[in-house]
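Listed below are the structures to be examined.
The two complexes that follow have chain A in common; it is paired with chain B in the first and with chain C in the second.
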Partner chain A sequence: MEIIIGGILLGGTYALIAMGLQLQYGVARIMNLANGEILVAGSFAALWLFAGAQLSPVLSLIIVVPIAFVGNWLIYQYFLLPLVKRSKNQGQLEVDSILSTFGISFIFVGVMHAIFGGEYFNYEYLEIPFQVFEEPFALNRIVAFLGAAIAAACLYFWLNQTRSGLKLRAVSVNPDAANLVAINVNRASAMAFALGGAVTAGGGALISMFVTFDASIGVLFTMKALIIVILGGVKEIRGSIVAAFVLGLAETAVASLIDPGLTLASAFLLFILILLFRPQGLFGRQTS
Partner chain B sequence: MTGAEVRNFAVAIVLFALAALIPLTGSGYWLSIGVSIATYMVLSTSWALFSGPTHYISLATGAFYGIGMYVVGLGIEILPYPVLLLIAAVLGAALAALVGLATLRLSGVYFVIFTLGLAELIRQLVNWGQTTQGSSSGLYVLTDISEPMIYWQLLGLGAIVYLLGWWINRSRLGFALRIIGNDEVVAVHSGINTASAKIILFVVSGTVATVTGALLAPRLSYIESSIAFSPMLSFLVVIMALLGGAHRLWGPIIGVVPFMLVWDLVTAKFPNQTTLVLGICFLLIVYAIPHGLAGLVEKYRARARGAF
Partner chain C sequence: MFRRTILSTAAAGLVAAALAFQPAQAADTIKIGASAPKTGPLAGGAATTQWPNVRLWVHDVNSRGGLKLKDGQKKIELIEYDDRTTPGEAIKNIQRLATQDKVDFILAPFGTGFTIATAPIFNKLGYPQLAVSAITDKIPALTKRYDNIFFMLGSTTTFTNSVVDILKKMKDDGKIGKRVAMVNVADAFGIELANAARPVFKKAGFEIVYDKSYPLGSQDLSPVIKGAKASNPDAFVAWSYPPDTFALTAQAKINDLNVKAFYTAVATAYPAFKGKFKADAEGILGAGGIDPDTPALKEYFKRHKEVTGKDADYWASAVTYASFQILEQAIEAVGTLDRKAVTEYIKKNEFKTVIGPVKYDNQNSARYWTVGQWQGNKFYGVSSRGRPGAKAIIEKPAWNK
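Now for the complex of A and B:
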């Protein structure tokens, strides 16, 4: 029971991170390997606001999310849009954007390392035990889970029920056709990329309440987000939410039953299984 | 053999002979730089054998390299050194084949993601294996293999890689890979088994990286999982190969030499800013020199020819 609830709580935050990456890859077609670093930047921002201004990490979202939105929008406009325009096909864009976002992620790590140093950080906020089905869990994990659930629900509603969300989904299905029905594809992509970055940074601020982090831990979150997105199916928001819970449960189970050092190994095991047996993802549709 | 090929061979042999003389200068500094340059020459040239024509970015070099080190570290007390090199090569080839079979049948993104985490995955498994076995986390490699010996071995491996690369370029396999790199759909339709061509080349490149790790193990004399499976190594190999130009066999080496000299200064003067510098290099390569130094050389040569 402890494993199941712990896994679900972890999965909730993973779902939020994966949704951020999915907006960036599914709509804007940028495989953003700096995703984890943006998350860690959100964590550092929350830490800094908490330590400096005694601002609760939940309230710090009001500051972190808009800044991340603007920052990611600028990254898209000035670094990634030139690549989109330069590339002749999707394969070329993938190679270029992978290399470019690697560069951006290293710059993020370098800057955060220069500002905060190489130590591990964590802080205490809402570390009050809270009873769920007679098992104690820290309240901060539950708050993070609720925050992730609310954000995911808003995002889901926005994508599926509003006109601007429909535009994004149209671009995700076929950018050329979307262009023909008078959707500004570049603007929609920039929007999706910025929104994805904002969601990721917000997830970072929430996760910083109960995770110990340092400047170079981002790549682990990138890996997890990528595995979740592939597990769920690249263009399926519902799929990645389910996949996030699967990964959260698998990691918690492995960490508490076998060895806490093997969390990445459990994620990789899922990844290999999906590649071998269902490469289109749990919810993805078979193409061609 | 054409005249140009004879000339290239002669140039290569002279350069290799000159490089082989470095340990005789007796300078420890140049020998140590020489070993680093030779290491990355082998690693990035073999990386480019696979990733150059196919455009699949492999980040698995660090994983193979670390496995090579661990094979030597674990076996040095029991088996003779050449046997260990052979075991390392076989293990590296087997791992590359497995990774290739799982990922190279699908689109390139899966491959990149998989290789990105591979070194960390193997490091976690090695750590776990060592703690459950109750052994200490480090391994001692005490041999009488000197640094010049390591250097000459690396040069020899480099020569093998160049010959192999030259031969693959002329073969049907190399031709098939270039078609895959240009348009995979066309390659499939003209009857090329794209998956097996990619897997063969990935196995070659992985085997070379594993043997390189095995050759370098005696230099460290103490091996720890965080050193053997350093995440930085894979990225350095990618940067140097792309800086030189991965589409030519002689491309990576002209990236490796200047980069290593500058990198040596950066790590000595600004040890805390290495990641930042690495990030800037990545962006420079993508935006300023997408075809590497080799691409620049070819462009200016073509322009000079056009002027006459």
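Now for the complex of A and C:
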């Protein structure tokens, strides 16, 4: 029971890390290597609002998420759209976007380093035990998990039940065909990219409640997000959510039952098994 | 690999751009080079311990007119590079500082691995290397091979032994039982310390009831603490790095792991630790410690805050500053920029520093603090080699609810 709850809470954290990248890569076809930096920027924003205005990290989402949305939309319009227009095929866009977002990640690290300095940052918020089935868990992790659940539910509902969500899914499946049925592919992509960035930054704000971070830690989050997105299948939002929880449960089970030293190994074992036996990911469709 | 290449290219570009904007250098300055992490896993530690002291020292020397040499007083011109927590980059930085920037002296890099990695290049280029943030059992071998390297924080063996000694004393006094839970970060530092500690704990009559490692950068350490708690220990020891020091302590509090002796290694001495845990930091043991109540250190802490805007840590900060003072006093005593003469001077003389007198014996300073404890608002040294003023150990109270 303890393992299941611990695993689900960790899975919630992983979902917050990976959902944004999934939208950006799955729909906008941008392999965003600055994902982790955007997350850390969200963490810094939450810290700044908490330290400066005593604003709860949960309430700070009201400010962080819209700003991240606009910021990411601008990044897409000015830095990435030219690449999309120039590229002749998916492969070229991937290479170009990897290079470009890798550069953007450096800019983010540099700017955050200049503003906040290079030390470790953390703060204490809701770090109190909360009993679940008579077992204590940190309340801030539970709040982050709820945030992940709400974000996942909203995204899932929006993508599957609304017309604008349908457009995004169409672009995700086949951008050229979507264009033929009068979907503005660039607009839908910009929307997906901005939304992905907003989810990531919001996740960063929630995660900042219980991690110790610094200006250059983003790459760790990017790596985790990449593994989860590929595990889940790049075209399916459900995939990355399920993959996040599978990974969280697997790591917690290994840490509790075998040895905490093997959590990383178990994550990569899972990754290799998926790549070997289901290269399209847990929920990905076979490419025809 | 692909990633690496871009990283280095980008960094090289930045460095080149930074250099291009440097004003023409006047001949009446002393050029000092510094290379330490500003990004990467060790950046947080360096930003607490290393960089503020580099700035403070340059500020202190320049505000009193510079270093007094035989041909007049000269101000310091500082050239700093980011090693991105990559040993290869650190070596390149040292080489570049010596051959391209032609600096007169180089401040030693940050971290054990980086000290060892750059030792050959420091030696080849003939620059004294006054290492501080380096703890290793290889000190005798290194000082034998390189006649220009100096150490100040002791060896892995004394580092672990003094923790065991403290727990043994608490055990002998009847304050704790013999069950120890020990965890370590799965990284060269943590593994080396855990391996060194295991036999010493057993010899001291302890039973290690939980002994696990966790990977560097783990996001969730609650299984580790839950496991440790299930083993019902009397003492908890973690050979940990900064982010996990915070995470383990937070989880111990959440899971109500109450032991009378709670030790976490690096970063326990950071002001941020007290900032986060406040009253709950009381009684927590950690690596380092100093005697912050000496007049020299009181004054140092005050100046550190005024000049850099940050609080100094209670371990290597003051020692780092002391190493710069040693370099400064040696240069002034020699009166020229003759690196060989300065190195020889450092070997033979005693220096007055903020941490008290320092004298190298076979290039190793044998007076240092090993374990500290939060008592009130300060982190006091409770175990030292050759430094006076160790405080009595207190039992860790239960977590505040």
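Following the convention adopted for this analysis, the second predicted complex is superposed on the first by the 272 of 288 C-alpha atoms of A that agree within 3 Å, B and C clash if a C-alpha of one lies under 4 Å from a C-alpha of the other, contacts with A are read in each partner's own complex, and residues count from 1 in each chain.
The criterion applied here is as follows: a residue touches a chain if its C-beta (ideal position, glycine included) is under 8 Å from a C-beta of that chain, and two chains touch if they have at least 3 such contacts.
It should be emphasised that the depicted structure is a prediction, and the values quoted were computed from it without experimental measurement.
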If chain A is used to align the two complexes, do chain B and chain C fit next to each other or clash? clash
Touch test for A:216: chain B only (first), chain C only (second), both, or neither? both
Would you sort A:39 into first (chain B), second (chain C), both or neither based on which partner it touches? neither
Classify the contacts of A:6 with the two partner chains as first (chain B alone), second (chain C alone), both, or neither. second
Just checking: does A:82 make contact with chain B only, chain C only, both, or neither of them? Give me first, second, both or neither. first
Looking at A:119, would you say it contacts chain B, chain C, both, or neither? Reply first, second, both or neither. second
One more residue to check, A:102. First (chain B), second (chain C), both or neither? both
Of the partners chain B and chain C, which touch A:185 in the superposed model: first, second, both, neither? neither
Just chain B (first), just chain C (second), both, or neither: which does A:31 touch? first
Tell me which partner A:271 touches in the superposition: chain B (first), chain C (second), both or neither. first
Could you name the one stretch of chain B listed in 59-67, 149-157, 167-175 or 185-193 that collides with chain C in the superposition? 59-67
Intersection of the chain A residues that touch chain B with those that touch chain C: 99, 102-103, 106, 109, 113, 118, 216, 220, 259, 261, 264
If you look only at chain A, which of its residues touch chain B in the complex? 31, 33, 79, 82-83, 91-92, 94-96, 98-100, 102-111, 113-114, 118, 216, 219-220, 222-223, 226-227, 230, 259, 261-262, 264-265, 267-268, 271-272, 275-276, 279
Partner chain C, residues of chain A touching it in the complex: 2-3, 6, 9-10, 13-14, 99, 102-103, 106, 109, 113, 117-124, 127-129, 136-138, 210-216, 220, 224, 248, 251-252, 255-256, 259-261, 263-264
Show which residues of chain C lie in contact with chain A when the two form their complex. 3, 6, 10, 37-40, 43-48, 51, 183, 186, 212-215, 217-224, 226-227, 242-243, 246-247, 250-251, 253-256, 267, 270, 272, 276-278, 310
Interface residues, chain B side, partner chain A - complex: 55, 57, 102-103, 106, 108-110, 112-114, 116-117, 120-121, 124-125, 127-128, 131-132, 184, 231, 235, 238, 242, 272-283, 285-287, 290
